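Here chain A shows up in two complexes: once beside chain B, once beside chain C.
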Partner chain A sequence: MREYDVIVVGGGLAGLIAAAGAAGRNKKVLMLTKGAGTLAIGGGSVDLLGYVGEGRPLASPEQGLTELPDTHPYSKIGRAGIQAALDYFKTVCRQEGYEYIGSPEKNYWVPTAAGTLKPTCLIPKTMDTAPLKAAEKIFVAGFHRLKDYYPQIVVQGLAKIPVYAKKEFSVVWLDTGMHEGRDITALEVARWLDTEAGRRSCAEQLKKALPPGAVVIVPPVLGTKPSYAVAEELEKTGGYRLVESTGLPPAIIGLRLRNLWLNFAKKSGVTVVENAAVTGSVVENGRCIAIKTGNLDRERTYRAQSFVLTTGGFFGGGLGSQPGRATEAVFDLPVAAPANPEEWGAPQLFGTRQPFAQIGIVADGRMAPVDAAGQPILSNVFVAGRNLAGYDFSFEKSGNGVAIVTGYQASLSV
Partner chain B sequence: MKKHQNLPDECTACTSCVVHCPVAAVTSKFRGPKLSGPALERYRLLLHDEDPSLEYCSNCKNCDITCPSGVSPSTMNMLARGEYYKKHPHRLRDWILAHAEKMGQMNSPMAAVANMGADNPLTRIALKKIGITTKRRLPKYASRTFVSQFRALKQQSYPDKIVFFPGCFINYNDPQVGMDFVAVMQANRYEVIVPDDTECCGSPMVAGGYLEEAAANAQKNIQALRRLTDKGYPVITCCTSCGLMLKREYQELFRIDGVETVAARLYDSTEFLLELYDQGRLNTGFIRQNGKYLYHAPCHLRAQGIGRPALELLRLLPDIEITDADAGCCGISGSYGFKDDKYDISMAIGEDLFRTIRESGADGVVSDCGTCRMQIAHGTGARTLHPMTLVANGYGKR
Partner chain C sequence: MQETTVVVIGGGATGVGVFRDLCMRGVKTVLLEQRDLAYGTSSRFHGLLHSGGRYAVKDAESAKECIEENMILRRVAKHCVEETEGFFVRLPGDPEDFEPKWVAACHQVGINATPLSVAEALRLEPQMTEKALAVYRVPDSAIDGFRLVWQNVMSARKYGGQVRTYTEVVGIEHQNGQVTGVKVRNTLTGQTDSIACDYVVNAAGSWVDQITEMAGIPVNVKPDRGVLIAFNHRFTSRVVNRLRPASDGDIFVPHGSITILGTTSSPADRPDDTVPSAREVMNLLDIGEATFEDVKKYRILRVFAGTRPLYSADPNASGRAASRNFTILDHRKEGLQGLASIVGGKFTTYRLMAEKMADFVCAQLGVKTECRTAQEPLIEEPSAQLVEKAREYFPAYSLERAVSRLGTRLEPVLERMKNSEGKNQLVCECEMVTLAEIEEVSADPTSYSLEDVRRKTRMGMGTCQGAFCGFRSVGTAVLNDLGHGKGAPELLQDFLQARWNGIRPALWANQLREAELMRGIYDGTLNINGAIHDEGI
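Right, the complex of A and B next:
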């Protein structure tokens, strides 16, 4: 009989960290996924905590952690647990050849495609803002036909921000040679730079347009692979510093991060079943014994000793809603939501916490889902990532941070 | 069980499918699954609309696999292609590539002549003229079909019986895989039934835009198989595209009575053997056979949502070292890579896999899909084999 130690349901960042973490502790792990997760949509920088209270920006996520309510997943795990999870994340990324920099002591304020700055905590080296701070003149590169990234908008936006107001900006246009066919996204440009011919062409164009040593903001296009090879090769041609901004979907840096962690999880022995529509679970005496999938053919059951739920929120499909009620389909766990559905949304769309964004499953410090009295509902089930209640990742900028910290905690609890 | 529904509004336009589409990765002529699938489907529901880039969709299913919202862009694409060909004439080459079974029926009786003919310069000129690539060999016909070899075989009778759906590739081109499968089932005390009233599963017809013909085949197959599943027999395929068609695509594309009853009894051969293992009744008396193999998971297996059972099964064989290539789509997508205007796309898609194979130093590449194996052999020169061949070897049956 095949039986696993751990089954992780969901393959986003929280699921990947939980699965890889458990496999690293010699557990036999199965990961059931439906869809490629939202990592390659949302982005690959790790936001830990950007804003607290009613939107006060944080120079240091660490300071903000102390101000969070007890119901926040970070508060339940604590400072030491958060540090251990981030250390694990950074160690694996470095081992796998795609180092992340940063620490909870400070936020980076990285430029976006909209010409704004966004706080984030752990970033790939190519997003480091230090070269931008040091430069008097900043070049902003755009690509002909690239949709959703206009260097003029980046310049217009940054020029209004005090730390950038005194700097000189200059727009540089690059050409991928893709003049026909469908619209170009950052993905097409990144794939072009994956090729030797693309890198050669890009390097020649940079040489013509830039003085040696130039600092250049580029869209997130420096290759699709979790590696710095593309950036290093292009920078070498003229001593440039290329700084990747954040962009719109498809999120190339998120794609790199997904590839890195999926490969690492598989290498660590995690078995992955794709396109598995998980429909429910088998529970006996307060303990889950198996997960059920129902594809179009028939139901299948997968047995394990413990389970991690990382199916995401409303957007990822992990939470559902019915009139007046939020639901979770796999374990039918209670989902904490305001009793009056009128209160699920705040009338002011932006600039405030949204109650619906904080709807989720309440868990304890081990990430075990708990009832109103704080008692675990199922003794061998743990929850991580956006399934959890008590944080608004969009408002406070904490999405990938909570995924990593709670996913890692779940890997220690199973 | 929830019926499949085509719901374009479930698409949130997140682009996950575009990121993972192997065709879009190598050509900008395809607008990608998001635009050709759910985005256009919203218009197609209202009015007749055509997208010339739709012909680039290879129906590999990676869009369905990676969609976080449960949308099947490939199904929308295949339905739209079927609609398109209701109003437009097909090319001769599309007919030839979509009718592997009819071609097999015509060519098998004189396989040697047909195979020689395929290499004949005049045939090559003719193929080129109608739009079939001459850069790769057409699949060779076997001198004896699987069905004729099977009918001549004297099986040991057992109370436990399974139904085998061989599919066109195994029947006409690679019958040894079917014979290996029968040997494996016999070694596990099962008697194999091969029905004589099933037809091509319809997969190449769907890809070629012959939707109505495919629906007719589906209807006949479900009728024939249901008679057997009603007796409690499981139905097993060794071809992952036949398997996907029978258990999943029939429900996505057509409305057929009894399709769910049959689907519930369908197994891939490797999945079935692993279930025997779980029940403690798999014959594990394997003899030792050395070898280092790479495994390539066909996209149409990955779409089934059952993982990679061949990998787990082959790891039960002593002294066999098997590694997952995990290098994406091979590019051939059944008939797609045989079209002269798609050949280069097909080979570009396979490049990651070819490189992985070349760098592996493996003795051979194992894959469940017949055309994947052809593509791998063509792209790398590697020796290829079906998982059942290694299992049959393990029982000393070859």
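Right, the complex of A and C next:
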């Protein structure tokens, strides 16, 4: 039986960062994954911190970090640790040919499919809002039969926002040629643009509809690969600037990010087992010694020196629940939650922190799970991403940010 | 000022029933509803078309009315009824001596209750508990409250009826002891005006006393709260009742792809006290577990509550002890001519209640036309030719459902598909509602919000609870200016908040998974709550 230095359970962004980070420090790493994580649901922009307090928007995530309670994962890791993680993330992305821009000093306010703006911190170049800032006229492109993206909604929403109100908007319709009763998703449009024929057709349609140099908001569909090739090829046909907005799942930019990091992890020597049904762990004397999986063929045991848990929250499947009780299945770690199920949800869905969103595993600054007295529960187990307690990624806009920062911290702790 | 002969107050089953009946008899009638059609109790019940079995022992008269109306509605409202049949099941601990009493009572009132072996019952409903001791089949059925109300209104309109939703009555106008009209307020715009009429029918259900109080007349109606759970799948193909004296949480009703468990009975402070608590949900599950042992493992879609308008002439009676029979109150007794209230009753007997009420009004107006609601179907069937034509455009699997929702209104929906490529897209994949149908319903003068469209089409009522179709339908709403000044983020917030109200009291297991996903999309990714002044670019 092979023995590993590190086993990462979970293949979302936190798991990928933890695995790649550990492998980069010459650890022999195994990653056990089931499904694709939530990157393809939530998207690929790195939200660091958009709102603090009762919902005060932040021009600079950095300023908000100091206002977070001690229980927040960012507070436990500290400013320097956050910076190191973001630097690592950006370095790898650049090295892999899909550069991210931005820094904790400022938020970008990117347009969304709902016609709102959303604060986010690190973005691919195709989400840069600078061209929008400069343009007097903005085109908004939609695709026929792409039913989860309505350019009219984007126009109607942006026109109400003071900084966009004086700009002229115009809707442009593009056609993938997929007809005959077929409903298409952003993934199909992106795959169409992965093909040469698709790009050629799209470029021709853009040429007909747009003046040279036009600035165009598009759904996040500019190819499935972590590369700017699709955007560059389309842009050069008329000196256009194409700006990708956020949209409903499937989230193509998140898919690109997943592809990038999965490739990078494998390249760095991480062994990846997909579709692993983790059934539990073997613990002796306060240390975990192995992970057990129970796929259809047989039960397997994977041994390692240390472990990182990144199985996600309630949606991701890393946390389970029944009325008034939350659970974690791999290590049976305690999950702090209100005993009264009436207290899990706030009456107002939006505009407030939701108690359920902050339910998770409490960890220390090394990302080791701790008990009520602050003592580590298992000496060689670390936790990252949405498994953690103390933050509400939807309300704060901190999802991928916490995943990267805590995943990186875990890679340093193992 | 609008003038009419009769004003009917209340857009629930009883109100629309009276409205349609009067319109069919040629009486000029306006229907007023304070919110949307079927917003109140008529959509907040388990959707059971009673065989009468539940009332047979205690209230033979109610039971008889139920079985008669049950058979009538299967004919005239066939698109609203799913003929599922029902079981009455006696479980360990249920009083043994109730069984023979119940069998005799069913026989007495003409309910066909046939015993079958437990083994056969389990073959038909394999999820049911093996601990069952006795099982009977009865002609229970499932009925769609939203659709029934909407199809009554569609029919009444064909006979000249006018509907005003989001219109609340703020005053009853009268002179010399005779009603002369009602004063109304549009709840969306705040505008008030008056409608002159000769007669007012108060069919406001749990709100009945609030109307009569405007004329200084007290009516002893007590809102009685019932909590229900809708499950994500159809784990029973039949209505399943406990064979015991009527009690909380012992009826399961299948509806399309879901199952509803209900209900509780507890006095409510207000008629709109419709937010359930987690405690109530867990209690219901505890009771339901006796009949379907795995019920706690099933995913809950949402929970909801409604208030029954329990009427009692005795001010001290309440809850299940009060009569479920309906009563027409002629307020001449209190010295006011031209106002009658209809109180009590149940959804299954709505048509009969409406018939009696309309008879009463017609007698006073000197109208001699007979009631035809027991014979004439609610909606006309579209021609075979039209359905055949529709087959070319509709996604194949959605046509049958569309026909049952739309009747002859299939035609304008089909026109929309013919005129514009892409209108046959499914916006709601769970309930199979096309873009064309949503556009057609959105354009109806009674549609002011996505919630209104949802109640007419079932859009958003399936597995995703609006997480995906909510966004799509907002696109349609924006194009149809359905928002009345509201933008996509506000429309989405309203719609998702309403869905959330039904998920929050059961926030665990798969419901919680879905909630985390939905909030991640709309708050995390789309920031629909983001104030527009938050930041610049």
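Convention: the second predicted complex is superposed on the first by the 411 of 414 C-alpha atoms of A that agree within 3 Å, B and C clash if a C-alpha of one lies under 4 Å from a C-alpha of the other, contacts with A are read in each partner's own complex, and residues count from 1 in each chain.
One rule holds in what follows: a residue touches a chain if its C-beta (ideal position, glycine included) is under 8 Å from a C-beta of that chain, and two chains touch if they have at least 3 such contacts.
None of the values given here were measured: they were computed from a predicted structure.
Peer 1: With the two complexes overlaid on their shared chain, look at chain A and say whether chain B and chain C clash or fit.
Peer 2: With chain A aligned, chain B clears chain C, so fit.
Peer 1: So in the superposed three-chain picture, is A:D70 touching just chain B, just chain C, both, or none of them (first/second/both/neither)?
Peer 2: neither
Peer 1: Looking at A:E54 after the superposition, I want to know if it touches chain B, chain C, both of them or none. Which is it: first, second, both, neither?
Peer 2: It touches nothing on chain B or chain C.
Peer 1: With both complexes superposed on chain A, which partner does A:Y164 reach: first (chain B), second (chain C), both or neither?
Peer 2: Only chain C is touched by A:Y164; chain B is not.
Peer 1: Going by the contact rule set out at the top, does A:Q152 touch chain B (first), chain C (second), both, or neither?
Peer 2: After superposition on chain A, A:Q152 lies in contact with chain C alone.
Peer 1: Name the contact category of A:E196: first (chain B only), second (chain C only), both, or neither.
Peer 2: Neither partner.
Peer 1: Once the shared chain is lined up, is A:E284 touching chain B (first), chain C (second), both, or neither of them?
Peer 2: A:E284: touches no partner chain.
Peer 1: For A:E136, using the defined touch cut-off, is the partner it touches chain B, chain C, both, or neither? Pick first, second, both or neither.
Peer 2: In the superposition, A:E136 contacts neither chain B nor chain C.
Peer 1: Going by the touch definition up top, name the partner, chain B or chain C, that contacts more of chain A.
Peer 2: After superposing on chain A, more of chain A is contacted by C.
Peer 1: When the two structures are overlaid on chain A, which partner does A:G37 contact: first (chain B), second (chain C), both, or neither?
Peer 2: first
Peer 1: Once superposed, minimum distance in angstrom between C-alpha atoms of chain B and those of chain C?
Peer 2: The answer is 6 Å, the least C-alpha separation in the overlay.
Peer 1: What part of chain A is shared between its chain B contacts and its chain C contacts?
Peer 2: 38, 41, 181, 249, 315, 317
Peer 1: What residues of chain A sit close enough to touch chain C in their complex?
Peer 2: 38, 41-43, 47, 50, 55, 57, 59, 107, 109, 112-119, 129, 132-133, 144-145, 147-148, 150, 152-153, 156-157, 160-164, 179, 181, 183, 246-249, 251, 313-315, 317, 320-324, 340-342, 344-345, 347-351, 354, 356-357, 393-395, 397, 399
Peer 1: If you look only at chain B, which of its residues touch chain A in the complex?
Peer 2: Going through chain B, the ones touching chain A are 1-2, 4, 12, 14-16, 18-20, 24-25, 27-32, 35, 53, 64-70, 247-248, 251-252, 263-266, 274, 277-278, 280, 302-307, 312, 324, 326.
Peer 1: Okay, in this complex, where on chain A does chain B touch?
Peer 2: 1-2, 34-38, 40-41, 178, 180-182, 184-185, 187-188, 191, 249-250, 255, 266, 271-277, 293-300, 312, 315-317
Peer 1: Flag every residue of chain C that touches chain A in the complex, lowest number first.
Peer 2: Touch list, chain C to chain A: 277-279, 282, 395, 421-422, 424-427, 435, 468, 471-472, 474-475, 478-479, 487-489, 492-493, 496-497, 500, 503-505, 507-509, 512-517, 519-537.
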